[in-house]
Amino acid sequence: MKLELRLHGRGGQGIKTAGRVVGTAAFHEGYHVQDSPMYGPERRGAHVSSFVRISDEQIEGRGYIFHPDAVVVADTSLLETSPSPLQGLKKGGAIIINTPGGVGALNGYRVAAYDVSSSASRILGRRGAISAGVGALACKALGVAGLESVLEAVKDEMHELGLRDEVVEANIRLAEEIYRNAPSVEIESTTQREEITTAKIVEIPYLEPSSSTSMILNLGNSRIKRTGAWRSSTPVIDYGRCTRCMICFIYCPDACISLDEDLTPRIDYDNCKGCLICFTECPVKAVKAEGGEVA
Amino acid sequence: MLTGNMSAAWGARVADVDYVAAYPITPQSEIVETLSKWTSTGELNAKFVNFESEHSMITAAGAASLTGARVFTATSSQGLFYAFEALYTVAGWRAPILLVNVARGVGMPMVLQVEHGDVLAARDSGFLQLHAETCQETLDFILIGYRLAEDRRILLPVMVNMDGFTLSFAREPVEIPDKSQVEDFLPRYSYPRPLTGDEQVAYAPTMTEGVPYTFFKYQMYAASIEAKHVFKQIVRDFSRVFGRGYDVLESFMMDDAEYAVVCSNSYSSIIRAGVKALRRRGVKVGMARLRMIRPFPREELAKALEGVEAVAVFEQNLAPGRGGALYPEIVEALYHMPEKPKAVVPFIGGLGGANIGPEEVAYMVRVCEKAVKTGIVPQHPTLLLREDDWSKLRESLKVSGLPVEKMGVVHHV
Amino acid sequence: MSEQTSFKTLRDTPISEYLTPGSPLCGGCGGEIIVKLALKALGPKTILVSVPGCLALFELYPYTSLKTPMLFAPFPAGPAAAQGIVDGIEALVSKGRVSNPGVKVLLLTGDGAAYDIGLQATSAAIHRGLDFYYLCYDNEAYGNTGFQFSGSTPLAASTSTTPAGSGLRKKDLFEIWRAHNPPYVATVAASRPVDLLRKFEKAQRFRGPKLFIALGVCPTGWGSDPALTVRLDKLAVETGIFPLKEAVYGRVRHTYIPRSRKPVEEYLRHQRRFEHLFKPVRRDDLIRQIQEDVDRYWENVRE
């Protein structure tokens, strides 16, 4: 076997740990393994990924996996982001996805779907990290490790995080439930070796420093980043209740709330991260929170 | 008659710098002391600020340079090392400051006198480097350095190296250019997008990806390579105005030379004397002195050494695990020559201000002759330590309590 | 406050924004609120200097979330970079090469730079009387690198390098700065926007160093709900843990005195970094110690 797996999720979901659960479980099965997270400065809610390479032989390669045999998508909303989690997925590869509903054909790929989030909130009792569940789902779907190795791996990795014993136990129960009930998926490409092509290398020109110094001239251009994709809960203003008091405008950390001339607040949903400070601070409860779980 | 330090101060003065960032360190302090005096008397119309460390000093120097002020600063040895992060920073900012490094050994153990372990450690920082043999060169390199650094094609900081003690405290006749000449040669500095609040620019954003990082790093490299050609143009202009000029490399008695000594900085004067003495004896030896270290004048060096039988590389730095820092760069420059010298022999001497004389040149040439004859080139640098130095050293070791009796000595050649 | 101010109520908060949406900072970041408000008070002619730390991420290639010009400087050298800009402009103004633009230089650092690695440079910049604004966004640890212990980490707080809770008390940076006798030092909190705006307004009267410490509620590092950022900030003020004060040429005045201070516990229990004070066994000894430190502080406050 030679398997390259790429995991995608949002900051705070435990995607790095999910990758480690898969890596450790496969290691317990006797495979050669290499796993690594991708670190960026992006924060809670941002798109993050991690990588696992599993093989019968010495691992080849390191770093980013451009052409995975399978991808794990911990959050369906990521499918609409760019770059897509499916980018570079090999033909005949598999998509392992955490979703409450059924998933239609995804570009002809094979799909293993399971509602990890609802099991997690039932067993762990709170939103957030679903790393053990996602790891167990991937191990089962891809057949890289048996139940015993998976539970051992969950135990190792949860202890590594410094979680209390009862939390570790709950995560083990979650992993077991998912492992027993999740579907498997066949991958065509695990034994294929790709032919490599020669890279096309470009020569970059020398430019005068006035146009090649590391600097940004378009100040305030972050608006086009659309951090709204990080959001799990959405604040919605009830304009009938709103008293135009400016409080949501003052406290929005990201300047995502602007005011009309009559002080009516407007939310920039392209960038609102859904922190819900406006929801908490609105003195007349004119801000509602929709979707996700609200504290 | 000016010392090297005074020459450097005069260089800053005639360049009419706007801002001097200062922090004292031996053997550099005289430079900033002099500039502080001139700025207080008004002889130099510049803002002079005493900093609390070289790290702050060089950071502030770079930031001031981005506002459009011409900035001068100086340091040495441990001070340069304390500022190391700031060196890379100002180069990455593309801030064209001029820094005079007064070369001194780097502790521990602490020493005050010359060697090039400090300046060469900064060879990859993004600073262009000009190394001076004389007080006059020190002054002239400051003027050339500003013109080079501030050239809109370059915008990289320049480090002018002057040797501690042998140059910093040595006096010799120096021609101080007058104001009108300097104005003719060195135009007023302006930065493309000055950081004065009017230009909409955010400098040095953090990179999260390797590719844009690569692009900006590569542009610094490309500009540094371009700097050699720009230097040559500038020097043509310099010799038009001042009647003297400098190439990136000085070839001395190289025309028919069978042997060559490659060197840099103030000890080159000693090597020059040795070369002359050997020539009188009929030995066909010459000297190739590097004035520019960054960018490294690879092609010029290879050309200067065409037809030479063997090359002695004399360096005043000793890197554990390596030897001299410049030796591999010199060997690399010669690697692609169709007819390479038969031997390139590494020598280390003059560490921490240890003396050498013309006799060491004779010794180096003899080792080269032997290497050519036997085809065996020493793998490790030969330390130029004389027998009488060794006896004095034995005395010191004995006084300090180290077991001298166990230390034998091997005579070379 | 009987002084002249254009900021009397929340309604006086300037509408202009110098921060744009889409920063890569965590949702619910308290520091962002502080910077947003500070820039409203300082206005558009501000050059920002930043150093490594969470808020450096405002400028993350190819994006920036700030409309002000900016320079990113080495970790220990923020004050020196600010000095270079101020001095460079001054030198050029004195030579008539730029007109006096009346530009302000604002240095933005976290507590790692302010309390630890940049303290020497700050001390010297204050000593030299540098005419600049320094805003320390204090989230009480190295937040940008995974929340490691800093000189600002409070007693008992768990960080990634003091997992069992820090055994040291937080340094008093306000007093360290004040000991240099700068014209203006103040603490500010996001939950007190009018107080914050007034302080940044007042500071503009003085020439020389004007320094601010802002409590930066950090949902990621503190393990708090992002929606509760302002609530937690209010609790820090109301429990007396974070006193709001200013010092003009060394003379301290508290701008808000919580008349009946809430118990510190109300502040501590919303944060995972203090979770071990409550679970698995309640650590009354440590909670008491934290309360006593606060009580002792306020005993000496006269107004």
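As written, the chains take the letters A, B and C, and residue 1 is the first residue of each chain.
Operating definition for what follows: a contact is a pair of C-beta atoms (placed from the backbone, for glycine too) under 8 Å apart; a residue touches a chain by one contact, two chains touch by 3 or more.
Fair warning: this is a prediction, and the values are worked out from it, not measured in the lab.
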{"item": "Furthest chain, CA centroid comparison against chain C", "value": "B"}
{"item": "Middle chain, criterion being Cα centroid separation", "value": "C"}
{"item": "Between chain A and chain B, centroid-to-centroid distance (C-alpha), Å", "value": "52"}
{"item": "Chain centre separation (chain B, chain C; CA means) in Å", "value": "44"}
{"item": "Approximate Å spacing (C-alpha centroids) for the pair chain A, chain C", "value": "32"}
{"item": "Contacts with 2+ other chains: residues of chain B", "value": "93, 200-208, 212"}
{"item": "Overlap residues in chain A, where contacts from two or more other chains coincide", "value": "41, 214, 216, 219"}
{"item": "Junction residues of chain C, two or more chains touched", "value": "57, 59-62, 64, 66, 69"}
{"item": "For the chain A and chain C complex, residues of the former touching the latter", "value": "41-46, 162, 164, 214, 216, 218-227, 230-231, 245-247, 249-256, 258-259, 268, 270-277, 279-281, 294-295"}
{"item": "Footprint of chain A on chain B - complex, ascending", "value": "92-94, 152-155, 192-193, 200-208, 212, 215-216, 218-219, 222-223, 225-226"}
{"item": "In the complex with chain B, residue positions of chain A that touch it", "value": "40-41, 204, 206-210, 212-217, 219"}
{"item": "Touching residues (chain side chain C, partner chain B) in the complex", "value": "45-47, 49, 56-57, 59-62, 64, 66, 69-74, 76-77, 79-85, 87-92, 94-95, 97-98, 101, 103, 120-121, 123-124, 127-128"}
{"item": "Chain A contact footprint on chain C (complex, rising order)", "value": "10-11, 13, 15, 17-33, 36-37, 57, 59-69, 144, 163, 190, 193, 219-220, 225-231, 279-280"}
